[in-house]
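There are structures below to look over.
The same chain A turns up in both complexes below, where it pairs with chain B and then with chain C.
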Partner chain A sequence: MVLNFVTMKKIKYSLLKTIDITGLTFLDPVVRLCYGEEPQVQLKKIGQWIIVPLIAVFVALFVIYDGFIVDTFKTKSGKLPTSSKIYSSYQAIDQLHDDELAKEKAYNLSGEEREVELKAVEEKISSVAKALELAGQAVASQQEVTKASIASKVAPIQAEYEALKESIKVAATARAEELELFSQSMTPGDESAAEKLLELVRADDAQDTLDREKRNLIKEKISVTLGEKSLDLEEIKAEETYFSERLAFLKTYKTLLSTENKSLIIDEKKGRISAYEQELTTLTGADALKKAKSIVKQESVISKKEESEYAGSKTIWYQVKRSVLCVFTGFFLGSFLAIPIGIFCGLNKTFMAMMTPFIAIFKPVSPIVWLPIILILVMGAFPNPDKHPFMEFLGELPLIGVYKINPAFIASAITVALCSLWATMANTALGVASIDKDHMNVARVLKLGFFARLFKIIIPSSLPLIFAGLRISLGVGWMVLIAAELLSSSEGIGKFVFDEFNNGGSDSLAKMVVVVFIVGIIGLILDRIMVIFQRLVSFEGAPATI
Partner chain B sequence: MITKENSQFVEISNLIKEYPNPYGEDFRVVENFDLKIKEGEFISLIGHSGCGKSTVLTMLAGLNEISGGGIIVGNKEIDGPGPDRAVVFQAPCLMPWMTAFDNVMLGVKNVYPHVSKQERIQIVEYSLSAVGLGDEMKKYPREMSGGMQQRVGIARAIALQPRVLLLDEPFGRLDSLTRMELQDVIIDILAKEKLTAMIVTHDVDEAVFMADRCVMMSNGPKAGVGEILEIGFPRPRERKEVFDDPNFFAYREHLLAFLEQRSHIKGEPRVFANGEILGFMDKERVEVIRRNHEKVS
Partner chain C sequence: MKNTKINTLIISAAFGSMMATSLHAEQLDVEKDLLKFGFIKLTDCAPLVIAKEKGFFQDEGLQVEVVAQPNWKTLLDNVISGDLDGAHMLSGQPIAATIGFGTKAHIVTSYTMDLNGNAITVSNDIWSQMQENDPALDSPTPPHPITAEALVPVVEEILEEGQKLQMGMVFPTSTHNYELRYWLASAGINPGMYTKSDTGGRTGAQVELSVTPPPMMPATLESGNIQGYCVGEPWNQQAVAKGIGVPVTTNYDVWKNNPEKVFGVSKKWADENPKTNIAVTKALIMAGKWLDETDADGKLVNREEAARILAKSNYVGADYDVIKNSMTGFFLFQKTDKREMRDFNVFFKHHCTYPWYSDGVWFLTQMRRWGQISDAKTKDWYMETAKKVYKPEVYLAAAKLLLEEEKITEADVPWETDGFKPATTDFIDGIEYDGKEPVKYLNSHKIGNKDPE
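Presenting the complex of A and B:
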């Protein structure tokens, strides 16, 4: 299909406009270059806005961080993770998510599908087990090799140590004998002799210390050599760990397809019931009553099982989604308060004066202070959250129900609202108060009433500032949320970090660094979204179509 | 009865405006401003920059508080702004988030609360067509030139169907071609609608071409009416005819002479009618200018 010139141009300009509105200006020269517009200029811009930042990231990560910082700083649990380790931690976190999804699916699988899947898993298990065995052997043989090489390295040092020890021992004995002799040759009352003896003893003591240090130096050398890690061994060990983790997963997966499978358990119980029913026809009296009761009990167990869901552990993406839901809940809650109050502040100086002390005092309060207070209040409002009708209602909502909103979630959201609403409130008040005088004159000439003024003039003209405030609020809210979740252990990114901190596993630090990037990127996306809204309500770009 | 009422449709008497100066003292910008305007009359208000023209106009519009004296419009003392007096500002002051249509509709909704939606739409469409924007109603201000935006401003004013139209240097920011177009637009509308109007301007040609009477303000502070010049051209006016009329230069010269020589003089306002002027001014000079003008055109 041949696009004609005009359509091409139209596409170009709508692309450029989209880029402009979303604020992704670094893409602008790429589009222009594709259209062959001043290649020299565009290449220069690409160099400046794409290549240079990439180089900066590359240098920061691989040269400064991997090459310098990682070697310089030690942590409680060893070294800082290198960038490749951080990346593999990311993969591990992501893998965990996929695994959980697979497990959930396996739990709910039934019929022929289940059998097919079970067979496939059994095959996989045997192949992974084989791989694990191979890896184990490789580790063992590599360990031998490493041991041998270390032993060969240690042997000469050990010999040196023994020799040193021997020579020190000999010298020490000689000195001791000398001292002994001298002390016996001393005549009482000879001051100079006494002084001499003191000096000799001191010299002997100093020599002892010196010798000990010498010995320790070599000892340390030995222990360092013994502790030397072979890179090859580490690699093979990592492989072994990987296979053993896979195997563990596959085994759980298998049990979920077989003994713990929902449909299997239900079928089994149903089978038992029909057997009981058969038996029941042959019984009378107390026995029959007992049988009937146990049938009814089994039936209720089945219906419970049918409603049950796979209860896996919470994975990072689930937590990310829950955090985003929480931040928006808090953000909307805050904006819902801040915008009307801001409008009234901007309209009425007295109301503004009334609000000022509250704003001044509450604005600087940290989320760490708000959260416990709010948590107590929320928990007071929902003393038995699982049975509370509001919580049950939230749990049954179509898209939100999955995230199991609980008091911790609500408290985190309210904390987000309380910490983030100030920017929106201040900007709204400013926008309303600084409305163009000419526009107000027009409103007066046209005799607009209060509501027409508010909705036709005041709010539209303050929208750009309101949205600038909302943008700041969302950014603040996102920062506050992570702290709030950490404190309230509301299932989310903050809790993920806290769990990792408490875990103290070897890759915890790497996982936390991964979270740094996840939090940063999501914050960036939220900000971009707000920028787009901000551009859409600004007058120059008013109702612009992307 | 009717003639008396008509001759004083707008009556500004002994108008005073005081602004507080930086030391908190009251500072009289306008003092003893007297003017009577007949119904359907077109007044131009001219004077040096800062003398208080806008102040007088905004007081008449009800946007500016009156410090002393009074203004009566149609037998009623004014008290704040109202749709009987529409204003066209120097800047178009359109709401940038609304289309031309919505900008005009904004006032219409409030002024005609009992009129059906269909009729309101008709009023808006009529006003926009009257200023020559029949095809551009759905445009946003940012998509329009300054002249087009000012046309919307005029449409918004006339859509209120006011009895008095107040224009404060409405073409001050426009280029001379656009300015002429818009002058014609206003003249046409006024001819059709029979509105009473006052235009503040510092363009002498505009003041003479458009108005029935030119009110020259003396310099501030304590500015008032200096002289009033009656412009005798018949209506409807054609631009070329007016500019070719020998009297045009006489009027023009009179205004310029006032601005250059007599604007500092305060006292009883002097009224100059059509016949008197030629006697007052240097006839030969008028002739010379006229001949020069003919040569050029």
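Presenting the complex of A and C:
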């Protein structure tokens, strides 16, 4: 029961070591505190590294953002989303994902399970339909109220506008008449009169502009009043939308369990075929031939149906996974190029000089420039991607096959590679160039061959710097990927953001903000993974940065 | 209950009506049953989305994924490369691709997705200037149709300042480009000509038109890069909802019941998958019919449900309220000016889903009028080209199967037509268009290329 003191110590040190390697140093005082090591010092550290950051997040999000920024800043589609709205958008995105999974499951469900599920869903449908009806009534009545209140607000402004318009018109006609009279009273050759007329006309023109501005001001006011959104109404409407979406999903779900269910359709067809087969035995001649042909045709339909999959739409977690796959593809591709070139650059000054112009010119090129070029090249390489053997091979790979690798994916990956390989290349070259001269001399004394030198001395001693480069590359690649996906419309997080931007719905902004956090958190995880590798290959335990 | 539904589904005639006499006929033995179709976030992608969501594709034994595309160019490229099996396309796109204006590829269509559905929106500032030029417009409900006459002084004033009014449209060969040009030219404003060296279509322009993807229109207008645009829904209603612009006219006023989008596939795909092509067309016809179903009073009964479906973020994604306006037969010109327009989006009425040759010829005349086709062409060339792209035989094969399944009625399809709609003068300037006389039609316009007859 009681753990041996030594084992306890062992666990403590292995925990602390893990924390150190992963760079999650804020957990360190928690572990130490659990072991009762200098509680006061640990508590102070916990306060500094856990409590303070949490307070900062809380203040930034709920006090500064929700309390201040949301109320002062407005976009054309309404207020900025509050943090609770952002969270509910996250739930909505996640719900969409679950719905798609459920639909796919329903399509493939068979036997008793299907019947049980069908009953359950029918009950749910009737309850949701009731809720929707209630929500619909609430919206209708609230709409009346809002309409009336807006109309009552607009009416006086509209009246003011009409009055102003009338008075401006009267004044303008009066001025026009005055000008007319004055111009007729002028005698040719009278310079001062001419000047006076010019002045009058100028004043008239200025007055016109002034009047127009006045009118536009009131018009703007009317337009703003008309566009006022009632918060109550928005809330009830959101509720109605929620229920109607649930209902639509449940209905689709039901059809997938019943009329469109795979097993049902196949059973039905099989029954048809066996009926045909019986009929066939009673037939002869052309009729028999016809029947036999249609049986064979139906059999081929069935075999296709058996293989068929549910064609759903792509949802966020699928897109996230595909993006991660894409960034690693690009990252490995880039590293595969960068590390050997970097090593040669480090070993040989002439080779370095040779590579310099390429590095200097291509390094600053933005992914936005690379992508369209790469896309055209990749499209050229796979003129018929559906039937290209390489693509078919990729499509049949386990795990990766579901991500449907297409030219857009490959182009995004290559763009990631092109933009991210520079950090690895520079760091590798630096690592190789700064190997201790003594190590190289020892190699010379031992008369090691080139490859022995490469694998025993050069690579091992430059690994820490190579990994430092790889870590930067992966970070750059992740940033580049989102832009590349947005442009190539390769299924992924970038496409999700662009689709939402294109939607321009009232919840689009909130959903895009959700993506900020998703991208940030995944970027953080990728970085931590690289930190672990970097620490593992460093002999003296180079410090992990934040 | 479910069995009866299945039975009705499966009472379908086999390809070539082999089993026409049998009560139990079967689904087409399609070559490919997992399909991927592309669309642009516009309400007129509805037939594709509805065919998927209401199970019409399923009825034909097809599993279909519909994927949003960022712009028309990418969409076309993906259809050509085979990444997409087919897509929601601008009517001009298959024609332009086939004759080689822009990307060259043989694209065919056997289904017209809808009529009308676009509008021309100008910024608030331009609108108030137009109101000053024509006091009749300065009212909460100005008289329609609004021509570009009131815009002429605005255009001239900006020209005097050494600049040009900038307007957006969605694609060089889009209906929107031709409609915006038509509207401007009908008031004597030159929207510019395409020439061999000027592929932007700005030669001699008084108003410069530029390409902006539909969903970006409101943002581009708001940022001041353009002062007006012609685009499909919901992006005009969006401008009203956000208070950044005023739709001045719909394309229903520019040309009553003009063809808008088609469902395009590559010729190669159509040749490789003939039965799939027919099955897809069948599903789309059913979707169009569902969208245009009306009750006894002529009210569109399914449109609210359709608007709900389209409002989902993986389809059009705009707010339900914004989509609902035009989809249920209303159009908001200003916040104060909501008008009933039952034919704002037509998905099935007027035999609109049939691929009319005369529609193809009209687009060809516009391409010639504005110089996208750089050389004069003969009347026969117009006919031949239209026949290369529009494939009514596929449509009729699909319709025949549906008729045998008793899903549509005899009157739903123009069985005996030669593919040309009767001549019409339903244009904003009243000029007559007869699809059989393309060159004569070309010569009846004041602005634009003219050819020897």
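Everything that follows uses one rule, which is that the second predicted complex is superposed on the first by the 432 of 546 C-alpha atoms of A that agree within 3 Å, B and C clash if a C-alpha of one lies under 4 Å from a C-alpha of the other, contacts with A are read in each partner's own complex, and residues count from 1 in each chain.
Assume a residue touches a chain if its C-beta (ideal position, glycine included) is under 8 Å from a C-beta of that chain, and two chains touch if they have at least 3 such contacts.
Small disclaimer: the values here were computed from a predicted structure and weren't measured.
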Have a look at where A:Lys74 lands relative to chain B and chain C in the superposition and call it first, second, both or neither.
neither
Tell me which partner A:Lys349 touches in the superposition: chain B (first), chain C (second), both or neither.
neither
Partner contacting more residues of chain A (chain B vs chain C)
C
When the two structures are overlaid on chain A, which partner does A:Arg202 contact: first (chain B), second (chain C), both, or neither?
neither
Should A:Ser508 be classified as contacting the first partner (chain B), the second (chain C), both, or neither?
second
Which superposed partner A:Ile457 touches (first chain B, second chain C, both, neither)
first
First, second, both or neither for A:Val442, with chain B first and chain C second
first
Based on the A-chain superposition described above, do chain B and chain C contact any of the same residues on chain A, and if so which?
none
Residue set of chain C touching chain A in the complex reads 2, 5-6, 9-10, 14, 18-19, 24, 26-27, 29-30, 33-36, 41, 53, 55, 58, 61, 63-70, 74, 77, 81-83, 128, 132, 213, 215-216, 218-219, 222, 238, 241-244, 308-309, 311-314, 316-321, 335-336
Going by the contact rule set out above, which residues of chain B touch chain A in the complex?
61-63, 80-83, 85-87, 89, 91, 93, 95-98, 106-107, 109-111, 140, 142, 156, 160
Inside the complex, what are the residues of chain A that reach chain C?
76-77, 96, 212, 216, 219, 223-224, 226-227, 237, 241, 244-245, 248, 252, 255, 258-260, 264-265, 268-269, 272, 290, 293-294, 297-298, 300-301, 304-305, 308-315, 379, 382-387, 406-408, 487, 489, 491, 498-508, 511
Taking the touch rule as given, give the residues of chain A at its contact with chain B in the complex, in rising order.
436, 438-439, 441-442, 444-449, 452, 456-457, 460-461, 463, 539-540, 542-543
